[in-house]
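Look at the two complexes coming up: chain A is in both, with chain B in one and chain C in the other.
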Partner chain A sequence: MKKPNDVIIRSVSKVAVVIILTFAINLFISGHHNPGGGFIGGLAFSSALILLFLSFDIETVRKNIPLDFKILAAVGVLISVSTGGGSMLFDVPFLTQAYGYFNLPIFGKTELATAVIFDIGVALAVIGTSITIILTIGDDR
Partner chain B sequence: MIQGILLCSLTFLSFAIFVTVFRLVKGPTALDRVQALDALGINLISGVAIFSVFIRSTGFFEVILLIGILSFIGTIAFARFIERGVVIERNQSD
Partner chain C sequence: MSWLHITILLPFIFAMAVPYIYKKFTPRIHTGWFVLIIPLLIVAYLITFIPKISSGNTVSESVPWMPSYNINFTTHVDGLSLVFGLLISGIGALVILYSIYYMSKHREALHNFYVYLLLFMGAMLGVVFSDNIFVLYVFWELTSVSSFLLIAYWYEREKSRYGAQKSMLITIFGGLAMLAGFIMLAMMSDTYSIREMVSNAAIFPSQPLFIPAMILILIGAFTKSAQFPFSIWLPDAMEAPTPISAYLHSATMVKAGIYLVARLTPIFGGSSEWFWVVSGVGIITLLYGSVNAVRQTDLKALLAYSTISQLGLIMSLLGLGSASLYYKIGDDSSVYAIAIFAAIFHLVNHSTFKGCLFMVVGIIDHETGTRDIRRLGGLMHLMPISFTLTVIGSFAMAGIPPFNGFLSKEMFFTAVLNASKMTVFNVDYVMLFIPIVAWIASVFTFVYSMILVFKTFRGKNKPEKLGREVHEAPIGMLIPPLVLGSLVIVIFFFPNVLSQYLLKPALAAVLPTLAQAGELNVKVSAWHGWNAELFMTIGVIGIGTLMYVYLKKWYRIYRIYPDELTLNNFYNLSLETVENMSRLFTNRYMTGFIRDYLVYIFLFIILLTCGTMWVFDGFYFDPSNDAPVNLFEAGLMIAMVITALSVLFSKNRLTSIVTVGGLGFLVSFFFVLFRAPDLALTQLVVETVTTALFLLCFYHLPQLRKEISTVRFKAVNAIISIGVGMVVTIVALSANGNRVFESISGYYENSYELAGAKNIVNAILVDFRGFDTMLEILVLTIAGLGVYTLIKLRIAGRDQNEETK
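On to the complex of A and B.
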């Protein structure tokens, strides 16, 4: 029996994964003023990874992305908790946010908020959890 | 005027969705149902686009891209399952 050849899906997904990852980062960044945020950004990011897992196979993607997704989820939760607990160092209640305007070299006057760090933690936790679920179910050994 | 045109096109789109749902229910094989789901996702994209013009909001543009991405990935997953019986393969050799 001839081996099925899926060159079209691999060529398409090599281009589409870049676009989906860009869109995921755009969703993540625009979460402060527009629709989006950590949760949907993480889900779009993990959907790009799922497209990679679909068009290639588990071992190839694991070899090219040497990342343990359980540890990624744990790091995300740790970042979220520590940005909440870090506000207690400045004598304010737990999870108090702060923001300020800074003059960055390229972007000019930019608003930087500590909610972004909390959102990074949420996104990492969502990516790690969803990819762990998918891989645990899909890896039949 | 423009509101009437948009409502008319939304009506036609809902008619197209009903026809697609007929193929989704009736379809003899699983491939027909997968294609009907893909076409339904595309109709849903255009419905969201027309609705966001109708209420004059730019808040739904991310939804359009997301429905496109999710429909694509879902269709590929169904196709892999129908073709090989497994959605995510273990390694390249088998």
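On to the complex of A and C.
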């Protein structure tokens, strides 16, 4: 079968994926104070990956991103649960979140919150699940 | 734990050991020899009570079982329970001895047999000695269960299974009704102890639950004692081995109902309902059983119907005797007390001669291989001892001197004659029928007793029909019926000894108020002058002999009665109907279509919600707090309605998918308008994904069934969906107008101070209520894994079916 020449799509997606990934990370980071957060950040992230799957074929993307997304989803859930469990080490109830302000070398005075770690778990679970679903359905012969 | 408790539990404990004994000693020693020790020990122990009981004392002991519920294993020994206890253990011992010779140790599963039998014996002892009604109920059901197991002992026979199932259904039905009656009794008297109920018997008749409790308990007693119309299980229970028939279905279990009626007579007796129901059902059963017994050709079936008839006799005596409680104390009361005495006396007599007869029939079956009257005959000189025993048992049953049945039959006639002179309970002329009915039943009793003796033992011997050499049974098999047969005669000649030591205390237990007044002076005498009872007996013998001689002439009457109208037929038909009806009903509503189930669910929602709103007057509309509607919202609303309608009326799936997607995007606009940016973002992305998935499903729809059609319009569906929509709208509007509390959202406005986050939604999601989020991502992950497993791990067979090309 002759492969269709989709060079434009590929070139545009290469640029677009970077932009979308940046936007996704921005959505995720800004979630604490602005609209966004783990869920929508994760979805945006996976939409970038889906664009890759669409413009290149699944095998190629798999080769370059050698991740098992099922494991990624499980790791996300694990992170979320362990932040909850972690709070119990400090003798406070399960899932108690803490935050504080630190002077970091580059960022200056920055707020760091354990809620962000929890959000990372959410994002990873969302990415892992959505990609798993789409890949399994897409792979189905 | 007293010795009496141990006595009741001893059969259960020993039953555990039986299988080991069976394994160890078979086939050297018959397991029954070991089991025999148990009832002998119990008899010996119970005999020690006789002096104490006969002097008017009672013994009771209590062991806590469920103290917090006031359910204690309380045993109570008085005259009545001692009579029953001695019958159970005494006849139990004889039956076990008999079964040692009857049941082959090589062919039969004896460990099952004796375990069930011991279970039954223990349960029966528990029934008669329990004072707590719930403990009594437990033992009562245990007798039903063990009887079920024993009837189906030869479980590879279809008829055994049928008989066992029938007796189980009927007796458990009665047992459950009885439990309900017991609970009502406990509610009325605030105690679970029968003794306390009896001592407070005066409080019962005025209570509203008195009649329901009485009826329910009587149903229990009547089913167990095979009273009309619950008697149908007893003839089918004859599929059990003969020792079991002798023990359970003549001497003990069927008397549990009698025991219950006698035991509760102090509570219910004296009311006209009790009098009418108990004596009426008893008389009907007496006539029904005796008339039907004559037509039987199977010896055991004949004995089964005669048992039914005799139980009816005892039951009617208990009913007639309950009138004595109406008169409290006086001459009238002792006149009717004779009936109760006669009931107990006949109960003992019946156990002796019916046990004897069953054992003899078992011997005949064992020696000739058949129980069919038409094939038997001329056994008199072949089996002389069995013949003698049959004569004793049958003549006692027919009420002929010099056997004990004569005495109790005479007392029965006395009781019915007294009853016919009764002036209370609005009886009028109805009571005149009772002696007549009783007399007719006695004639039939005489006829079948003669059939039992003469058709079996007289006439010509028919060796060609039997096919084996007939001879007398081994001596071990004859000892138990010999013991019972000699008892029959001994009781006739010395009835007052038995009366003094056992029957009078039993009578005192049934009629405690009279006993305290010292008015119970019953003397049994074999000869009591030329009175009406004696002429009745002479009439019975005369007419009965004539009827037996001309049996062939009138036997045809039985054929007139159609089979369709028998109780058995009704029972079978009703079982069949119940099964068919429930199957039809279930098939009717369990259609297998999800659409129908959804209709049920939604209908239920509508009815329940609407009904609740209606009953509690929940309709409430208060638009005063609502925000004003602006142009954007109105426009968006109209757009959404149009989109939603076009989903409904779209001609093909693709349009539906696209319009559903459009609806989702419109919702996200709503989120924007209502200032929910996080929701709007998520809704946009999620809607995109679901639309893509819908398209995927659409693409993969199988070729064959792909038909593009409009939504089939169904009036019911439309009404239900509109109904659901309206209900939900009404609930939402009513709830909106009815805000009772301030919202807690004020707390979350401090999210920056509390959680260091300016985004309240995110703070709630990851901090305030992070637990929900944690579980939601778990749900998401499981859904992903579910999709993965559904698609990747398909079973090969299904894969082929659903393959799309």
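Quick note on the criterion: the second predicted complex is superposed on the first by the 137 of 141 C-alpha atoms of A that agree within 3 Å, B and C clash if a C-alpha of one lies under 4 Å from a C-alpha of the other, contacts with A are read in each partner's own complex, and residues count from 1 in each chain.
Methods note: a residue touches a chain if its C-beta (ideal position, glycine included) is under 8 Å from a C-beta of that chain, and two chains touch if they have at least 3 such contacts.
Just so it is clear, the model here is predicted, and its values are computed rather than measured.
Trainee: Counting only touches as set out at the top, which of chain B and chain C does A:P4 meet: first, second, both, neither?
Mentor: first
Trainee: Taking the superposition on A as described, I'd like to know which of chain B and chain C A:E111 touches: first, second, both or neither.
Mentor: Touch status of A:E111: second partner only.
Trainee: So, does A:P35 touch the first partner chain B, the second partner chain C, both, or neither?
Mentor: A:P35 sits against chain B and chain C alike.
Trainee: Please indicate which partner A:Y99 is in contact with in the superposed arrangement: first for chain B, second for chain C, both, or neither.
Mentor: second
Trainee: Which of the two, chain B or chain C, is in touch with more residues of chain A?
Mentor: It is C that touches the greater number of chain A residues.
Trainee: With both complexes superposed on chain A, which partner does A:A16 reach: first (chain B), second (chain C), both or neither?
Mentor: Touch status of A:A16: first partner only.
Trainee: In the overlay, answer first, second, both or neither for which of chain B and chain C A:F53 touches.
Mentor: The first partner, chain B, only.
Trainee: Tell me the contact category for A:D68 with respect to chain B and chain C: first, second, both or neither.
Mentor: neither
Trainee: Name the residues of chain A shared by its contacts with chain B and its contacts with chain C.
Mentor: Dual-contact residues (chain A): 27, 34-36, 40, 44, 47, 139-140.
Trainee: Would you tell me which residues of chain A are touching chain B in their complex?
Mentor: Within the complex, chain A contacts chain B at residues 4, 9, 16, 20, 23, 27, 34-36, 40, 44, 47, 50-51, 53-55, 57-60, 134-135, 138-141.
Trainee: What part of chain B is in contact with chain A in the complex they form?
Mentor: Of all residues in chain B, those touching chain A are 59-60, 62, 65-66, 69-70, 72-73, 76-77, 80, 83-84, 86-92.
Trainee: Note which residues of chain A are touching chain C in the complex, please.
Mentor: Those residues of chain A that touch chain C are 27, 31-40, 43-44, 47, 70, 73-74, 76-77, 80-81, 84, 94-95, 97, 99, 111, 113, 115, 118-119, 121-122, 125-126, 128-130, 132-133, 136-137, 139-140.
Trainee: Using the touch rule from the top, collect the residues of chain C that touch chain A in their complex.
Mentor: Going through chain C, the ones touching chain A are 677-678, 681-682, 685-686, 689, 693, 696, 755-759, 761-763, 765-767, 770-771, 773-774, 777-778, 780-781, 783-785, 787-788, 791-792.
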